[in-house]
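Note that the chains are named A, B and C in the order they appear, and that numbering of residues resets to 1 at the start of each chain.
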Amino acid sequence: MYVAVKGGEKAIANAHALLAKEGRGNPAVPRVEADAIASQLPVLTSRVMNEGSLYDRELAGRAIIQCQGDVVEAITLVRAYRTTLPRFGYSEPIDTSALPPQRRISATFKDVPGGQQLGATFDYTHRLLTEPTEADISIENGGADTAHVDQPRITDILGSAALLEPDHEEPWSDPEPADITREPAEYPMSRAARLQGLARGDEGFLLALGYSTQRGFGNTHPFAGEIRVGEVMVEFDAPELGFAVPLGRIEVTECQMVNQFMGSHDKPAQFTRGYGLVFGRAERKAMSMSLVDRALRADEFDEQSDAPAQDEEFVLSHADCVQAAGFVEHLKLPHYVDFQAELHLVRKLQQEFGEQHADEQEVDQ
Amino acid sequence: MNSAKIEYNIGYIDEQTKRMIRRVMLKAVAIPGFQVPFASREVPLPRGWGTGGVQLTASLIGKSDVLKVIDQGSDDTTNAVSIRKFFHRVSSVETTTDTTQATLIQTRHRIPETPLQEGQIMVYQVPLPEPLRFLEPRETETRQLHALNEYGLMYVKLYEDIAKYGHIAKTYDYPVIVNGRYLMAPSPTPSFDNPKLHQSPALHLYGAGREKRIYAIPPYTDVESLGFEDYPFEPQAFEEPCAICGSTGVYLDQIITDDKGGALYVCSDSDYCANKFAQLSKEGEGVSE
Amino acid sequence: MPILEVSNLGHRYGDRYGCREVTFDLWPGEVLAIVGESGSGKSTLLKTISQRLNPTEGTVRYWATDGTPLDLSSQTEGEIRRLWRTEWGFVHQNSEDGLRMRVSAGGNVGEPLMANGLRHYGKIREKALEWLERVEIPSSRVDDPPTSFSGGMRQRLQIARNLVVSPRLVFMDEPTSGLDVSVQARLLDLIRSLVSDLGLAVIIVTHDLAVARMISHRTLVMKDGRVIESGLTDRVLDDPQAPYTQLLVSSILQG
């Protein structure tokens, strides 16, 4: 007699043991520690912090190791952990104009107040695999290239001459920004909510969308107005104290994309902007984000809006890698019941088809 | 690097979030069949693997609860085992496979065969809460259609089925109208299970984590499966009995027994099947005495 | 009592008016043609009247079946949709905009009935077949999707889908352009006879004066977003007053 398959628990335990073994690899090779990941793979760590929406290098490092380098899985871990953290308040807005940049470049002006500063970048490196010893020599030659001069934001300079749209409308009531982790998204979204969605959006997806706007699918004529990387202070205004308390410094990458705009009935021609702000060193992500942010503002400027990157609902509801990966991968879960239902139907349809054709043949004869 | 040990709240989710989810559930109960948006959180399961159901269960579960988790009707499928273990770990609540003992039943794709009772809560894992989604991809438009009670589009799909196949060809996630007002997706349960929803004494809660929606069918609510006057809804039915317990009028899984097309059919509800089989064996012993 | 009263209507795109200062009444059973070259604002006007675009200025009043006058721009989305389901129709230039291309012809004609609450498959199908016959589509095609239809058939199907719920007012945007001349003539003939049988009020936009001549009672001539001449169609086309209309009419004659 048939006995239904049992033993799900045991099978799961075995699978997990095998997973752990695969993750450990060759036991003769030393185990990679989380702090090594956090300090030696800072770009990867930044990605996990960004899409995980949690600034914690150590946890990101742990997640990357635990997931054997599966970055989407690591992001999922960080997000799930983030859920358990109670929210005790909101920090003050960070001031990116005050950050002493480790890197600061502009593609719009050759000479800018405060100067261009390359900082740590893969730009201009030859993409050749190097020997470990060569890398060490480079480090020894690496000097502190941190400027101590004032480096105002390029957009502030352009803005003061009214060539660039202002940071916000005047008069401005400075509304509380949306919080997409606490309130369900409703379309159309506010720009603040959209930017949050983009900040935690999948880097590859945003890159492809940003790229598509450069290829005519929602052209926005972008210029990299300014990209800056550096550490800023996070401050928290505790109501019981009555003043802002510094909580610590975080590293961020900010990109202000400057875009052409020809003006309309109500507005003179001026440059408009797309904005990107992300944790750590994640320049490609910040640039992609700012391209997509600008593309999504098409309606604000009465622009023709028919490209994928301009479609808010399409972009924001598919940008999250945790959602996308989970739903794609859930196809691995059993679907016995619905498959059985469909099987039943297909059989019935085939049977009816057969009967019908038999009838037709009889009629023919 | 010294890592601090992480401690979790009871039920994993923090209390603020639980309160928010409970408020959304109350709203969902107050407007039967209406999809209430909520700020869905990440939980330690991937999206699409029941994160909506897990958030509802986490917000509902208390010390006196007895939890049952099923997937495809069975307590023993991997995802059911995984979710049951998770709740045992983060809430140390009592778990069961017995439908009659459970106060809270989290499910994917089935409603138990054993009739539900007053006071029981069913929590469904929902992949796509919007019944109109494949007819109209835009959320902004589907919300309008619900608000204005415009469901002609859904009937077009049913019309097309009849024109093409001679009958409605929707076999699971079969759309229903709840309390005479809202069109609702009952999650991918087979249409076989739809009649169990009508005037059910239990509370049915639906959670879609990735899509950030919660909806509900309160106890004793009218749930009508769509159909035409001359082509009414017909739940799928199986002709053969279960090969293990002999039950009829239950939903069956097909088991492939060899590579020559051999197959037999057994109950998809493993708890129901085990009970029936035990009963059968007892009766059998009674006869032999 | 007119069915529609348009006064001083205008729509602005950015800093440019698509149409402006348009005023006319439409009476039950009347067919009004709006003619002009492409870019003259006739399609913008049609969309603004039918609430597919918001009026920037002016008003549109509609007298509903029960005799109440409705100021259309102050109606809720729900009310406008109800009017589309029950009292209005819109025949698009491109049939893709007015049909569900992957749904069968029967489903396309049946959808408005289902949207209005008909829940009997047999009756829906019967009505769909009746309408396919009225628009000269063979009943054997009832289960075929419009993708398998010719351009002329698609337009006829669109007309059936619009008329099946017995509307009072139908908007048509260049319904015959893009079709072969012989197909055009047949479609116009069909529209003319249906409109007169059903007593429909119609606003039809066309760049083709021959279309206006064939089916409309009255004609508005548009140029640069404004109405430059209006009157009975025969009068406008046989004895045009505005120099621009004269030019339009003469170019047709020469062409």
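As a convention for this text, a contact is a pair of C-beta atoms (placed from the backbone, for glycine too) under 8 Å apart; a residue touches a chain by one contact, two chains touch by 3 or more.
These figures come from a predicted structure and were not determined experimentally.
Trainee: Quick one: point me to the chain whose Cα centre is farthest from that of chain A.
Mentor: C
Trainee: Which pairing of chains gives the most C-beta pairs in contact?
Mentor: After counting contacts between each pair of chains, the winner is A-B.
Trainee: Quick one: chain A and chain C, Cα centre-to-centre, how many Å?
Mentor: Centres of chain A and chain C (C-alpha means) sit 47 Å apart.
Trainee: Rounded to the nearest whole Å, what is the centre-to-centre distance of chain A and chain B, using the mean of the C-alpha atoms as each centre?
Mentor: Averaging C-alpha atoms per chain gives centres 33 Å apart.
Trainee: Touching chain A in the complex: which residues of chain B?
Mentor: Answer in residue numbers: 1, 3, 6, 8-9, 12-17, 20, 37-49, 51, 71-74, 76-82, 85, 108-110, 127, 138-140, 165-166, 169, 171-173, 188-192, 210, 212, 236, 238, 243-244, 251-255, 257, 264, 266, 268, 270, 273.
Trainee: For chain C, which residues count as touching chain B in their complex?
Mentor: Listed in rising order, the residues of chain C that touch chain B are 77-78, 81, 85, 100, 103-104, 106-107, 110-112, 114-116, 119-122, 124-125, 142-143.
Trainee: Flag every residue of chain A that touches chain B in the complex, lowest number first.
Mentor: Residues 1-9, 11-12, 33-35, 38, 58, 61-62, 76-77, 79-87, 180-188, 313, 317, 322-330, 333-338, 340-345, 349, 352 of chain A touch chain B in their complex.
Trainee: Enumerate the contact residues on chain B facing chain C in the complex.
Mentor: Residue list for chain B touching chain C: 144, 147-148, 150-153, 155-156, 159-160, 162-164, 228-231.
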